[in-house]
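The same chain A turns up in both complexes below, where it pairs with chain B and then with chain C.
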Partner chain A sequence: MTEAAMEIGGVNRNDRFTRGSRLVGVLSKAGLAFAILAVMLYGSFVSPAFFTSGNLLNVLTSMSIVGIVVVGMTFVLVVGGLADLSVPATIACGAILSLGLQPVIGPLPAFVLAVGLAGLIGLLNGVLVGYVGINPIIATLGIGTIGLGIVQAAVGGVIVYGSNPASAEFAKGRLFGIPVVVLIFLVIALVGHFVLSRSFWGRWTLATGGNYSAAEASAVPVQAVKAGAFVITALASGISGGLLGLTLQSARPLIGGGYEFSAITAVVVGGVSIVGGFGSVPRAIAGLIFVQLLTNVMVLDGVRTPIQGFVLGILIVGAVGMDAALRKRGVS
Partner chain B sequence: MTVAADCALDMRGISKTFPGVKALSDVNFAVKFGTVHAVVGENGAGKSTLMKVLNGSYAPTSGTIRVGGAEVRMRRPADAQALGIRMVHQEINLVPDLSVAENVYLGRMPGKWTFLRKGEMIRAATAVLDELGAAIDPRERLGNLSISQQQLVEIAKAYAAQPRIIVLDEPTSSLSEHETAALFRILRKMRDDGIAIIYISHRLKEVLEIADEVTVLRDGSMIETRPIEGINAAHMIRLMVGREVSNVFPKSPAEIGKSVLRVERISDGTRFRDVSFDVRAGEILGLTGLVGAGRSEVARAIFGLSRLVEGSVTVNGREVSINSPSQAVRAGIAYVPEDRKGDGVVPGMSIRENISLPILRRLSRFGRISRSADHALAAESVKQFSISPPDGERRINLLSGGNQQKAVIAKWLAAKPLVLILDEPTRGVDVGAKAEIHHIIGQLVAGGMAVVMISSELPEILGVCDRVVVMRDGHASEPLLRSELSEERIMALATGEEMA
Partner chain C sequence: MRFLSLVSQYRVIVILGLTLVISALVVPGYLSASTLGLGLDRAATIGLIAIGLTVLLISGQIDLSGGAVFALAGIVSVILQREIGILPAAIVGILVGTLAGAVNGMLVVGLKVNSLVLTLATMLIFRSLAHWITNSQPVTGTDIMLSLALAKIYLDVFTLRSALFIALIVLLHFWLTRTIPGRNVFAVGSNPAAAKESGIASDRIVFLGFVFAGTLAGLAGVLQSLVTNTGSPVFGSELTVAVIAAVVVGGTRLEGGRGSALGTLGGVLTIGSLTIAMEFQSVPAYVQQVVSGLILILLVVLDRAVTTKGRAPGTRPALVRDNPITQGGTT
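Up next, the complex of A and B:
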């Protein structure tokens, strides 16, 4: 770093940390890959069940359902939207409607309509956050609660069952030996990655999260971009919920509980900045892989549930702390 | 030079090396009590590094520091404060939601344990503000004050700590000339109290006015320390850049064409009313006035960053309705904002990503940004505006202020606007970059662009602009031709004071 670079009117107050930045930089890029390898290594030592194709396929399938939400949540964090807490509602909307509407309009239209209505919840979130300027935590919590209430009222608070075995078979089936759910997740992840890293919408998302005022003054439609992140997340959650419903062939209103937490954990552990402006879909997915493998290994190792929660909590705090530290050092 | 008793600060042989860069090499710097000592130099000359050594943020690689004759070692800013060294930074570092008095005594509030003695604090703050001749109510919420008043509070805060040495870093960058005069009265008062004042500024005219001594830094070395008598701006610039800058404000003559942007009787309902002017192709229209007169507000409203409640905006004879910056860009208007850090650059992004931001859709097909067009645009801009370092992939916040500003201007020129509005385009940039920016503006108008330039610096306004509109309290004067203008006349219009 040159002297000229340091003289930017006090912008870079942390230039005294530049020395360690190479090591920190390598860690921030490859740290997660090492962590994933370490967990796999540990897993294969503690449990002979870990490295079986059955177990890994299970992990992959359950990871895929959360993973679809993670792709959307990445946009919310990158755009500076903190988090979308309405995920349980949009998942429930996707799951309940895609099963409940099957007898009325058929499985595929039911699925599409379910995802569309989930997207509508996202649109409400987006308008409140992006255009009205309400804090995202409050807005998504409120809209999520309302949405869940409506879905519960619509189905009378009971469990909805699937009535179309063909669609269930498809969702639980495999294509070229790979579970369909996993394939759908991969396609969504690829599309999400392309949009965030290669499209103008993605660049706008990063700019809006990086410096909202400067993006606005650069003719970026910041309000729409911010709102869009919540729509993307809701659509993803709707798809995720629909697939969950189809695979389980039953859906209760609280089916999506905890998914918001898992998705946020994965994104944050993946090193996507909680204050926006930095992050990518592959990073978030790496975070997801790590968290899912760790959870799986803990389960196989017989670690008690409270301890598992404890470990995940530490992971989140550690990841957010790391983000803050990296931000200071100007690596991320 | 001997260490005299009146020597407040004596830095000897100061070097500071960062990995790969020698930021300061063997700098000697001495300041006497009861003097104003200016430090000048281009961005990157080492002024900030030297001050960070002085305030304990950096430990020097080698060299000794004496404060009041005694050798000291400072490991952190608190050490410097304990020695009576106070910094007033370019940006305001105060808490908007606290009162003026609470800000003045922030961190050193009187009172024991948890209970503040509020009355005592307000009395003390009143005394300090009175002493400085600042008419500010200590009970007022800081956020309600103008930027220039906040700057005075910042200085009062430093002064209240009864320092021996005060460092002021570009204190006038957000002040109008009128307010600068008030600041100078305060500085002279502090000087007469025996405080050593280190004054860092790019504004050489002010340095000549206020300083007793001046030190010139260039490329991390001390070039010269000398009394202010017998030196002029041209000489100082020569020492700073190591070359002659022939004309500080070169205005290349451009052919003036038809009117491009016309605003008629625009109001935003609160901060400006009934503002009318027009800019013609090939013309630079100056917009000046005191800070807070509504200049930036007019620009931001024309660009769609805030709403107009009345009036019309026409571009090339066609009335346009602008409610967002993207509509302004479509109408052919571009705006380089005043607050470069806040509104100009996206810090985590590269030069390339910043430059293409307003025209991303034009560079995209089916939503995908054309990689080659994106990179070509950045390469071309970097070359055309000689942005340094010439690397489009460099993160923009790692550039100097002047180079960031060039990148922001490049960003807007990529949108090929008909009208370019520049809000304080040369604020806080060094002499060399300033000349370059003026050169760029000159080329743009030569190419037929219409330019509106907002500036508080009257020599710049008078040197660059063809016509000038002076704003006062949200009202705009008639456009005045350069030939009928002088600094005195502009100040008279800006302050509403009758001319002598």
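Up next, the complex of A and C:
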């Protein structure tokens, strides 16, 4: 290739980069909308129970608990933090402490303290990933193991039950006909969306994930931004765990198992790039809706749980592979 | 910092020594041959998976699906016993591990995605398969006497499993330090682009690394199932952290390009003796998890402190940041 051609190649590359990501955008947006419609159509054909208000409300409620985690996880992926595997620990922390501390300090302070301590786990993750520079998966795997162990040790490895009926009524109740859990999810999603797409913190998050060195050179506090994403996820999963505990009125130490995968699947299927720098909360929630509806249809269809996990795994591989393929076409 | 990097280099010996001394002080009769043999046998399971992971980490990749492959291979080897006999079933079980590794390798090399994320997804897939095949119930084998034969202790210390582990790790040591393919693994791990330019088939090495890791996880799973005469879909779920901790204790870097078989041997022995010591003191499982998590985090932080600050000027500065595993890129 000649000098000139390389020059043009360089220019084109920039041009193609924008076209590439637009292509990614159009494909994943239209693709997801189509996929959601397809699942709904299929669901209403296979099962008469699918399009009942009771079923859809159930989907919405269970979606909300995962959804709160998804909002946080979006920040982790966008900032280039790969994934937060300590979610089961932070959910357990939120659920067990918000129930276990009820008799001691009252329901609301217990909830706040539980979420705060979950945030502390996130802070540890954040310091290790953002400041010390440790691989996020290893750091969150290690901290998650430690956190879950401590939470289990704190209650002696047993199941904790709720003792405050009023708080349970509130968590299971409805406001204007909509479950409270769903409302809380909507508020958190809106705040998350606003922060990621309209605030300086969101711009910093996108910049850090897109090009770490360039962001650092542009005086973005990259370390704090990276650490912040893990704190946000931990706070979100703490809230999610607390709500889960309050609605179930019981919490076992392994209550949060699997939520990390559900959240990662939703975010990745929504088209948020696994290597960071690209993505939004609505996108992740679209991915969540698709995955949840698909799971619901599978349940109604009588598909066994292991097969659902199998399908989720394939979905992640497919989405990650597609992300890599589209990015390659866009960038190089 | 010179001191820190010295500690980091010879830490396996220091940590293993400390573990043994403290355990011997706390647990009466700890240093008897039978206790140590028991520890070694227990460590062999972690060790076999760690052998595969050592090679993968040196080549700059990671496999989180080892625990799930472990369960799947064990289940297959137990279920097929009735149909085709014990030995063929065991071989098929190990081949399941090989196949799982090949799937991982093909996806990582073919899709060019981060192996951390990909093996996280395949872990979910393999684990679901294990639940699917067994209906989430443990399965039992046909010959209960076989497990007794496998648990037999030779020369007061070795079981079949632990002898196999020791033999394999010695072989790995020679392969890594004395042969050209072994050296190529280091080259691919320290700088994939440079390795490719020098005519090393990086992709093939990475692919074979995954196949190797899958095969060993399968072997470990089959042996475990034969010894316990059971295959269970939940086997190996707590192994991931322990195996990574063992390899990291042994001085193999998550960043790739560095590590040794003998280090891994030391790391595995450390985790094994620690587990046995805690079990003898009836420490609950969740506290044991806290300990292995703490060891992992502390050592990774130590590694980090040594590589970023204690590095001699001009030696491998960009690698840590450029490596896909440490920073999540896809190169």
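Here is the rule we use: the second predicted complex is superposed on the first by the 305 of 332 C-alpha atoms of A that agree within 3 Å, B and C clash if a C-alpha of one lies under 4 Å from a C-alpha of the other, contacts with A are read in each partner's own complex, and residues count from 1 in each chain.
Here, contacts are C-beta pairs under 8 Å (C-beta built on N, C-alpha and C of every residue); 3 or more make two chains touch, one makes a residue touch a chain.
All figures in this text were calculated on a predicted structure; none of them were measured in a lab.
K.L.:
Chain A residues in contact: does chain B have more, or chain C?
P.N.:
Answer, by number of touched residues of chain A: C.
K.L.:
Tell me the contact category for A:Trp204 with respect to chain B and chain C: first, second, both or neither.
P.N.:
Touch status of A:Trp204: first partner only.
K.L.:
Looking at the overlay, what does A:Thr52 touch: chain B (first), chain C (second), both, or neither?
P.N.:
neither
K.L.:
A:Gly277 in the overlay: touching chain B, chain C, both, or neither? Say first, second, both or neither.
P.N.:
After superposition on chain A, A:Gly277 lies in contact with chain B alone.
K.L.:
So in the superposed three-chain picture, is A:Gly81 touching just chain B, just chain C, both, or none of them (first/second/both/neither)?
P.N.:
Second partner only.
K.L.:
In the overlaid three-chain picture, which partner chain does A:Ser44 touch, first (chain B) or second (chain C), both, or neither?
P.N.:
neither
K.L.:
According to the stated criteria, A:Ile146 is in contact with first (chain B), second (chain C), both, or neither; which is it?
P.N.:
Touch partner of A:Ile146: chain C, not chain B.
K.L.:
Identify the partner contact of A:Ala214: answer first if only chain B is touched, second if only chain C is, both if each is, neither if none is.
P.N.:
So A:Ala214 only meets chain B here.
K.L.:
According to the stated criteria, A:Leu128 is in contact with first (chain B), second (chain C), both, or neither; which is it?
P.N.:
In the superposed model, A:Leu128 contacts chain C only, not chain B.
K.L.:
Which parts of chain A are touched by chain B and by chain C alike?
P.N.:
No residue of chain A touches both chain B and chain C.
K.L.:
If we count contacts the way the header does, which residues on chain A are in touch with chain C in the complex?
P.N.:
For chain A paired with chain C, touching residues are 80-83, 128, 132-139, 141-146, 148-150, 152-153, 157, 212, 253, 261, 264, 274-276, 304-310, 312-314, 316-317, 320-321, 323-325, 327-328.
K.L.:
For chain A, which residues count as touching chain B in their complex?
P.N.:
Its residues touching chain B are 1-12, 15-16, 18-19, 194-195, 198-201, 203-204, 206-207, 210-211, 213-221, 277-278, 332.
K.L.:
What residues on chain B touch chain A, complex-wise?
P.N.:
Touch residues, chain B against chain A: 18-21, 23, 43-44, 46-49, 57-58, 89-91, 169-170, 220, 303, 305, 324-326, 328-329, 335, 337, 339, 341-349, 353-354, 356-358, 360-361, 363-364, 367-369, 388-389, 397-401, 403-404, 411, 415, 428.
K.L.:
In their complex, what parts of chain C are in touch with chain A?
P.N.:
Against chain A, chain C makes touches at 64, 107, 111-114, 116-118, 120-125, 127-132, 136, 240-241, 244, 254, 284, 286-290, 292-294, 296-297, 300-301, 304-305, 308, 320, 325-330.
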